[in-house]
Each structure stands twice: as C-alpha cells, then as structure tokens.
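Below, chain A partners chain B and then partners chain C, in two separate complexes.
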Partner chain A sequence: MTLELVLQGVVGGLLMGLVYALIAAGLSLIFGLMEIVNFAHGEFLMLAMFASFWAWALWRLDPLVSLPLTALLLGVLGWATYHGVVRFILDAPMLAQIFATFGLAVFLRSGAQALWGADFHLVKDPLVQGRVTVAGVFIGLPQLVASAGALVAFGLLYWFITRTETGLALQATAQDRQAASLMGIDTQWMFALGWAIGGACVGVAGGLLATFFYVFPDVGASFALLAYVAVALGGFGNVPATLAGGVVVGLVEVLGGLLFDPSLKLIGVFALYLLVVLWRPQGLFGRF
Partner chain B sequence: MTRAWISLLAIVAIAVALVGAPVAQPKEVVVGVLYPMSGNAAQVGIDCVNAVKLAADIVNANHDLNMPLAKGEGLPGLGGAKIRVVVVDHQGKPDLGQAEAERLLTQEKVHALFGAYFSGVTQTIAQVAERNGVPHLNAESSSPALTERGLKWFFRTSPHDGHFSQAMFDFMRDLEKRRSVKIKSVAIMHEATQFGSDSAKVQEELARKAGYEVATKITYRDKATNLDAEVGKLKAANADVLLPSSYTNDAILFVRTAKNLDYNPKLLIAQNAGWTDPTFLKEMGKDAEGHITRAPFALDMAAKKPMISQVNELFKKTGGRDISDAPARAFTGFITLADAINRAQSTDPEAIRKALVATNIPADQLIMPWTGVKFDEKGQNSGVRAILQQAQNGKYVTIYPFELAAADAVYPLPAWKDRK
Partner chain C sequence: MSRTRLAVGLVLLAAAVLFPALVTLPYPRDVLIRIFLFATLAQAWNILAGYCGQISLGHAIFFGTGAYAAGMFVAKDIASPWVAMVVGAVIAVALSQVIGAPVFRLRGHYFAIATIAVGEIVHILAVNWELIGAARGLYIPIKRPDSLVNFQFHQSKAVYYYIVLGLLLLGLGVTRLIERSRLGYYFRAVREEQDAAASLGVAVARTKRMAFAISAALTAMCGTFYAQYVLFIDPESVLPLSLSILICLVAVLGGVGTLWGPLIGAAVLIPLGEATRIYVGGTGKALDLVIYGALIMVVSVAQPAGLVGIARRLRRAA
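And now, the complex of A and B:
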C-alpha cells in the first residue's frame, strides 16, 4: 500500500463525502424541524438526477446549467409533499409517519420506472470532464466541481438559517413549535419552507451527481442509506454537523476499502454508525 | 328490481359454470416465470420476460421457423394445448423469489418453474422446485454450483462460469502463442452475490491450473456508490489481465472510475452480465472499446445462422430493441422446456422431468452458437460452447474461438487518452 494510493483515497473520499453531506442536509433539516424522517429522500435524489438527465437528453442542457431549475423543481416537490402528504400526519403516530413517506418512496420509484423504464442512463459529454493530476493524485473534474458545488450550497444554507430572519424563524420553529407559534411565526409556512429547502438541497446534489453518476429508478436507495448514516453521525437535526458527517462517511468508506478489504468498506461505515448511536446518540457534534 | 337482477345474475353464473366446466378445460400448460422486473437488473429482467413471451407465442401460434414447436399451433403432444405464462417479479431478492415460487406452485398451480437470472435467486427457487417435485428450467444463471448440487428437478440450458472462464484462459493461452506475448498475472474483481463469488472462485482455480499468478481478488457490493478504493487496489496490484464479474450499474461505475483514476490493464475479459447488457455499450461508448466479454450469444453470427435475424425481428416488435445475450438464452431455455412438455404428452411433473432428461435439440434448431441442447446427469446442458466478444468500434464482435471469429482481437487495450 503506497502513500500515493492512500492520498488518492483521502481525496476521493473527501470529494464524495461532500456530495453525501449535501444529500443528507435536506434530510437533517426536515428532521430537525419536525422530527419526521423522510424515507422518500433517496427518491427525491433520483428525481433530481432524472430531471438533470432529461434536461440534457431533450434540450442538451448540461446538468450544471440546469442546476437552478433542478433545485427549483425539487423545492416545489418538497413543498408539495408537505402540503399533500406530511401536513396530515404531523401529529400521527410514528408508524403512520414512516408508512406515509415510505409509501411515497415506493410510489415515486415505481412511477419513475413506469414512465422512463428501468434502464440506466448517463449524461454523455458533460460540460466538465476529464481529470487533473496534483502530486500524483488523480482528481476527477466532475467530482471536484460536484464537491465544490456542495460546499457552496452548504454555505448558502448555513447563511440562510443563521443570518436571515426567515432562517431564524425556522430555527425557532425547530426548537419549540408552540412558542414559535405564540411569537407570531406561521409554523405551517415554516414547515412547508423546510421541505422546500430540503428538496432544493437534494435537487442540487442530484444535479451535481448526474454529471458523473448513472441515473435509474433505484439510484436513490444506496445514497439515501449513506445519507441517513451521515445525519446520524452529525446529530439529527444539526445541519452544519451533517457536513462533517458526510465527509466522515466518504472517508471511512474509501479508506476502509483501501486499507483493509473493499468488501469490508461499508462495515466500517456502519460500525461507526452503531458506535455513535450507542455511545453518542446526539451525534459526533450534537448537543442535547 | 335489485333482487331480480341478483337472481338473474345467479342463474347466468350457474349456467356459465355448468356449460363452462366441461368446455372451459381447453387444456393449457401453465409455466411460472420469475425475473427481476424492478431493482437494479430490471431492464435485463424485462428483456428476458419479453423473450419468454415471444417463445410462448412461437409455440402457441404458427410460425415458419426451423425450431421445435414453431410450426402449427400449441403443443401437438397435448392435443394442441396452449402454453400460458404467469410472470412474477422477484426484485432480485432470494427470499422473495422463494416466496413467489411457493405461491406459483400452490396458488397458480403452475406445471413448471422458469427463471430467474440472478444465480442467488435461482438457487432458492430451485430448492422450492426440488421440495415440491416440480421441474425448474434455468436459462441464464451462471453460477457453476447450481448444477453441482445434484438436484433432481433442476435443468440449465446455458453454459456456466466454469465453461466461460475456461474459454477465457484458453483464449489467453492461444493469444500468447499467436502473438508471442507474455501474460503473467490476472486480477479478479467480483460483485458479492452468488454469481460474482462463484465466478471468482472458479477463475481463481483455473488461473492457478493454467499457471497465472492471481495478483489480487477484490469483492465489492453491486450497489456501491463509489469504487475508488477497488480501482485503487487494482492499480496497485498491476496485473496484466483484469477479470471482472459485474452487473450493469456497477460495470458502468467501474469503467468511469477506472477512466478517472487512469487504470488500464492490458486485457479486460468480463464475465458477461453487465458487459453484455445492451445499455452498457450504448452508454459507455468509446470508454468500453477493446473490452472483451464472454458471451453465449452473438448477434453478429446471423450471417452464419439466418434464424437469428428472424427471431431478432420478432423480438424487436415486442422488446423494442435488439435481442441480446440474456434474453436470447431465456428464449432458448423456454423453447427447450416447451419441447420437453410436448414430448412428455402430459403435465405430470415426473413425465416432464423424464422428457427433459431425454432432450436432444440439434444445433441447427438453435439461435445459440452451441452444438445442441442435451442434459447431462447433473441437469447441465452439455452442448454449450462459450465464445468471447470484443467491443470494436462501438459494437461487440466475436473474436474467439478463432474458427468462429468475425474479427481479430485487439491487444493490448488502448490507453485512455487514445480512446477519443
């Protein structure tokens, strides 16, 4: 095992981890806001990737060009999901909440297959392609752009929830729904906004991912699983910490595979997840 | 009024039941067909189901093709009975395959089971068939272990990974002789379900026997979101030949990652599956140039076998694309099963099993490059022959065995920068 290979692993894991983190951000935001886990999150990602793919296939719009459109589309989808589904199960038992979003996931996945078939699709000749070599380490340009995009999106999200009045209202709603309501915050509107932002985040992630990853109806499932782990590592509802959670997942995945055995790489990820859930249920960076 | 309607309906129902009972036994043969129609391999499964439906139609309706049961309608051995298929989706899950096979036998009363692409799923279905004493014909699962377990009710028309891998090593030897090149080591990369694991196992054995060093053996999950570590390890091992056993999505991700990290062995010989999915070549384009895959079926052999084009034309009408390897094997398997049921002249399981054992379809009645269909004592078709194909100018062409080859093998793989 050469140093070069390990370095390559660190860079690859870091880049992928940032994308995982952005996928997880929406999940974490929604959970923090209303303690509902969106089991259709992976399917949101899948739809974002399909949106990017179709924009390319029909109008030759590169996923990076159509990114604002994808984000907007997924934001609307998040908003609609809140008003169409989630609003009715806010105070329902947890099991009902799980079934509602899980059912939505199955619906979206099967719908995608019925509409567009089960085949794999790739965006060919993306705007950004190729790689650069830095000190013997290969860095894929699409991956680099994707992770940079993820960082920018994270920065915007962080700025929004900590520096704007609406963002602070969002945080207040997350902390105490009733008190926020008494202070004149329209919590329904905040919830819908949370879903819209969560959707937009995964929309950006899907658009960035579509520049180098294949698209098909089941693509969301694998990413969603890693996103749940990233959320748990960062601490449920702690959006900035999700960034670290995602990066940790990306690094552990690649380095575990390189240093030990590739077949064990997810074992590292999930072992870490179990450790955190058992010993630091508030997450690596969470406070209770 | 309502009461009058109900009594009228009841009378009609009884009349239909009475009249219908003797007449409504147009003898039909029901076959339970299991494939993955959702999940990662959904498109392959859907293609296979289309191939099975085409095969059933060829049996049920009159077609002018030189293959068993094509001419005339239905199964003459059962007084013209038609074949009906009950298709179920096992989603690539072994437990679901097992449950669905049970349901097909108890609820749908099928006379035989057919499927199921994934070796891991085929295995659980084979066990259900074995327990219940019902014939199970498999057309495309390639784990050698399936026919090594001494199952009485399991039959496989397709070659398995032992045959295929043997062809790969024969090819490497012959290539070394022909081009006077030296191949020293191989790297094995395989997905972690039964297909990949068994394929890797047999390849490791064969490599050792043939005197090639196995530089590394890498296991990965086919649903992986990132293959950086795997490709990194392959690069470090730096073997002459890479032998991957992958499904479609992971094959796509692997090639993209290899390009990204500049990993390029001298030869890449794939164990079918992902590499022969038509989507793979369509999506990868130049990036797959020079890749070799084993294949039991080759569309470019139509020049030597006109029936291939005839069947392909029919397939395109329902399947919407060219028939490829997996559906061609499903098609051949289903015709074989229908042929056996016809000769059994009965839907009795034991009679069908005996007829399967006695199967003998000559080479000229197949769309496959085989010497025929004939089952050995383990239920494995002994007439199989594996061929190797290489992606050249965006199309797969047969390169081995040399006597069937349509083109010369390109060696070594072109460098990434030369594949523009």
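And now, the complex of A and C:
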C-alpha cells in the first residue's frame, strides 16, 4: 500500500465524513431534546435525495439550486413528524418510542418504492462535475462541494444553537424540560422546532449527496447506520461533537476498506460503535 | 383458564391439526406454513423483547445460524437436518451469550442500535465467507425419497405443515411456561425497572442472558425449518436487517409481551402481504410494507399493546 493510496483514502474519508456529520447532527439534536432516536432519519435523507432528483428530472433544477427548497421541504416533514407521530409517544414505553419511528421508516421507504420503483436514479450532467488533482490526490469536485456545503450548514447550525435566543432556548429544553417550561419556554414548540431543524439538516445533506450519489428507496439505511455511529461517537445529544464523530466514521470506513477489503469496510465502523458505547457510553466527547 | 377459553383453544387446535386433511391445495398450505413460521419467530423475539424488555433488532443472526447449520450439514452430507436443528440451536445459544455479555450492559436505544450493528457485522461476514457459499448462498441438495429423516417432502406440504405447527406449539408452550414460572417474573421485573429488580435480588445479567438464550434457540430452529422448506439460503434471505425488522413488526402489531400477540400479528400481516400481492399485483411494489409501516406507526402511537390490547379494551367496554 502506497502513501498516495492512503492519502487518497484519508481525503475521501474526510470529505464523506463531513456529510455524515451533517446527517448525524439532526439525529443528535433530536435525541438531546427528547431522548428519542429517529429511526426514520435515513428515510428522511432518502426523501431529500428523491426531492432533489425529481426537481432535476422534472424541472432541470440542479440539486445545488434546489437545495433551499429541499431543506425547507424536509424541515416541514420533520415538523409534521413531530406533530403527527412523536408528540404522542413522548412519555410512552421505550418499545413504542422505537417502533413508532421504525414504522414511519418502513412506511416511507416502501412508499417511495411503490411510487417510484426500486431502480437506481442518478442526476446526469450536474452543475459541478469533474475532479481536481492536488499533490497526486484526486478530489471529486461534487464531493468537495458537498463537504464544503455540509461544513457551512454545520456552522450555521452551531451558530443558531449557541448564539441565538431560540437556540439557547433549545439548549435549555434539552437540559431540563420542566425547568425550561417554568422559565416561559414553550417546550412543545421547541420540540417541533428541533424536528424541523433535524429535517432541514438531513435535507441539505440529501441535496448535496444527490449531486454524485445514486438515488434509490433503500439509500437511507446505510447512511443512517453510519450516522448512528457518528452520534454515538460524539455522545448522544452533543451536536457540535458529531462533527468529529462524522469525520472519524468517514476515515474508519475508508481505512477499513484499504486495510482489509472494500466489502468489509463497514465492519470497522460497526465494531467502532460497539467499542465506543461499551467503553464510553457517553461518547468520546460527552461530558456526563 | 375459563371453560370457554379452553373450548375455544381446543377447537382452534383441532382445526389446525385437521387443516391439511381439509385443504389439499399447496398455496393455502404454504400461507399457513409461513404464518406459523413467523408467529414462532415473533414469539421467540417476544420472549426477549416483550417479556424481558430487551429490544433486539438483530434477530436474523440466529435465524441465519439455524439455516446455515442445516445448509452445511446437508450440503456436506454430515448428518440429518434434525441434528442440524439441534446443533444450530446450540450454536445460536452460544452466540447469544457471546453477544449478550458485552451488549447487555447497554440500555434502551443504545442496546437496540448495538444489536443492529452486530447483525450487520454478521451479515457482512457471511457475504464474504467462502466456506458457507459467501454471497452466492447455498443450495440444499434434493434428497429422495421424501422422508422424515431427510426433512424433505416434495410430494406434499403436509409434513412441513405439521413440523412448523409443532414449532409454533413449542413456542407457545415455552412462553406459557415462562409466564407462569419464577423466571417469567424475573423477566418482567427486569423489563419494568432494572435497578429496582436488581435491588430486590434479581440477577439482572443472568436473567437477560437466559431470555436471550431461549429466544436464540427457538429462532435458530425456525431457521433450520426455513432452509429445509425453501432449500436455498443466502445472506440476503436469512440474515438481512429487513428480516430482523419483520420479526419485530409481527410481534409489535399483534401485541408485545402477550402469549397470543405474535400469532395474531402473523395471522394478520402474512395474509395482508399475500392479498396486496394478488389483488394489487406487481412484485417489487412493496405495497404490503407500506401498510405494515402505517399499521405499526398507528399501533405504537395509539395502543402499544397491539391488537391484543385493542381486543382487551373492546372486551372491557362490552
């Protein structure tokens, strides 16, 4: 294995890792707010990718152009999911909490398949294409744009959570639901907002991915699994740390493929999840 | 048990036993075989998740273990599939203990996602393991004539039917025994409040491992049956995450933590899948799954006790 190959892998892993981080951010935000794992998160991503694809197929809008629209659409979906499903299971047993969003996942995934078939779609001739070579390392431009976009979105999210009054209210709700509501924060509204932001994050990620990744009904599942690992690495509920978590997942995935065999690359990622939750259930960067 | 309940139970059992004599068409028999198979699988999952509260999303591992045990034993001509059923169950129990030792330290969502991770690792390993046919899978050689020793019946599905009925009764019987036993109370104590159970002297770790072992063994036996019934197995049919999920869906719809829930769930979901395929048509449309998903969502939100819970509420209202 040459140094170039490793370097190529590291760059590739880093770029994908940033996208994983953005997917994971929404998941982590929702978990931090109400200790519910959105098992339909991958399906949200799939819908975002399909939205981008159809915007291109029907109106010739490039996924990067329709990105704000996709984000908005998924934000609305997140908000609707909270009001339609999640609101009713806030205090339900663990089993109901898990299977409510699981049912939604199955519903959305098979619904997409029933409507649009199981075929793979690809946005042809996207706005950004080709690649550049830096020091012998090939960098795909769509991937570069996607990771840059993910980083910007992540920055915006971080700014929103830590610098705005609404963001601080979100954090307060995450820390202590009752105390926050005693301080005059409308926690129901905060929960719905959390789901809307989580949806919008995954909407941006889906739009960015659609510029270079195949779109099909099952596409969300594999990304969602990686996002769970990224969330666990960062610590459930710790949104900024998911950035590091996502990057680690991206690197482990690529390096696992290089060291062993590409078909085995995900084993490293899942093994990492098991190691982290067993050794430090609060995540690598969790405080408690 | 009240007298009417006993009567209803006996009538149902008699109907189940007489069914192959009354219906000779292969198709209805096949539907019933699959209802019973999934009812047993869901019952096995129910023992761990419903009674002991440990939500496993990786149960396909044990199904695959049983299936591959049969596949290897018959393909390499080692021994009868019946031996494979026992060996598969033993391996599944061992596997469950190896997995359970670390994973049972986790709770709630962490546990559920960890079981997905383990399930996916096993799936990927199986896809790459040449000895067991890797991604190509295994054909189970056809043996003639039909015989119970060979566990293959090409002339009629009746014997398959009785075998899977036996598995179902085993699942129901084991669950009933657990419900009535001290172990069953331990299970429910761990499910309701793990720390309180521990403080009252319940050996929490051992109780969870026990539930996992029983559940894994029963699931593996179903896997062996499946392999001998379909005669072809590959990682995509016996180890995927979607199978683990389907097993849960059956139990969740019927009623988790109840004796009859899994059977009721299977009796609703499997024919539903068949009906959408026949009347709406088009394979790959996944319409049955659209309905499953919606049903599971509604059940989780409105009545977490499933169809059994709805029935109980109706009876109380009446």
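Quick notes
Simple rule for what comes next: the second predicted complex is superposed on the first by the 287 of 288 C-alpha atoms of A that agree within 3 Å, B and C clash if a C-alpha of one lies under 4 Å from a C-alpha of the other, contacts with A are read in each partner's own complex, and residues count from 1 in each chain.
Operating definition for what follows: a residue touches a chain if its C-beta (ideal position, glycine included) is under 8 Å from a C-beta of that chain, and two chains touch if they have at least 3 such contacts.
As the structure is a computational prediction, the values presented were derived from the model and not from experiment.
When both complexes are superposed on chain A, chain B and chain C end up clashing with one another.
By the touch criterion stated above, A:Glu253 is placed in contact with chain B alone, chain C being left untouched. When the shared chain is aligned, chain C comes close enough to touch A:Phe99, but chain B does not. By the touch criterion defined above, A:Ser110 lies against chain B and chain C together after alignment on the C-alpha atoms of chain A. Shared-chain residue A:Ala118: touches chain B and chain C both.
Of the two partner chains, neither chain B nor chain C is touched by A:Gly136. When the shared chain is aligned, chain B and chain C each come close enough to touch A:Leu266. Contact with chain B, but none with chain C, is seen for A:Tyr214 once the two complexes are overlaid on the shared chain.
When the two complexes are overlaid on their common chain A, residue A:Gly9 makes contact with chain B while staying clear of chain C. Steric collision with chain C, judged by C-alpha atoms after aligning on chain A, is confined to one stretch of chain B among 23-31, 131-139, 167-175 or 293-301, namely 131-139. Residues 109-110, 113, 117-118, 217, 221, 261, 263, 266 of chain A lie in contact with chain B in one complex and with chain C in the other. Across the complex, chain A is touched by residues 49, 53, 55, 102-103, 105-106, 108-110, 112-114, 116-118, 120-121, 124-125, 127-128, 241, 245, 248-249, 252, 256, 284-290, 292-302, 304 of chain C. Considering their complex, residues 37-40, 42-43, 45-46, 192, 218-221, 223-226, 228-230, 232-233, 235-236, 248-249, 252-253, 256, 260-262, 279, 283-285 of chain B touch chain A. On the side of chain A, the complex with chain C involves touching residues 31, 35, 37, 85, 88-89, 92-100, 102-111, 113-114, 117-118, 217, 221, 225, 228-229, 232, 236, 261, 263-264, 266-267, 270-271, 273-274, 277-278, 281. Note for the complex: chain A touches chain B at residues 1-2, 5, 8-9, 12-13, 16, 109-110, 113, 117-122, 124, 131, 138, 140, 143, 212-214, 216-218, 221-223, 226, 250, 253-258, 261-263, 265-266.
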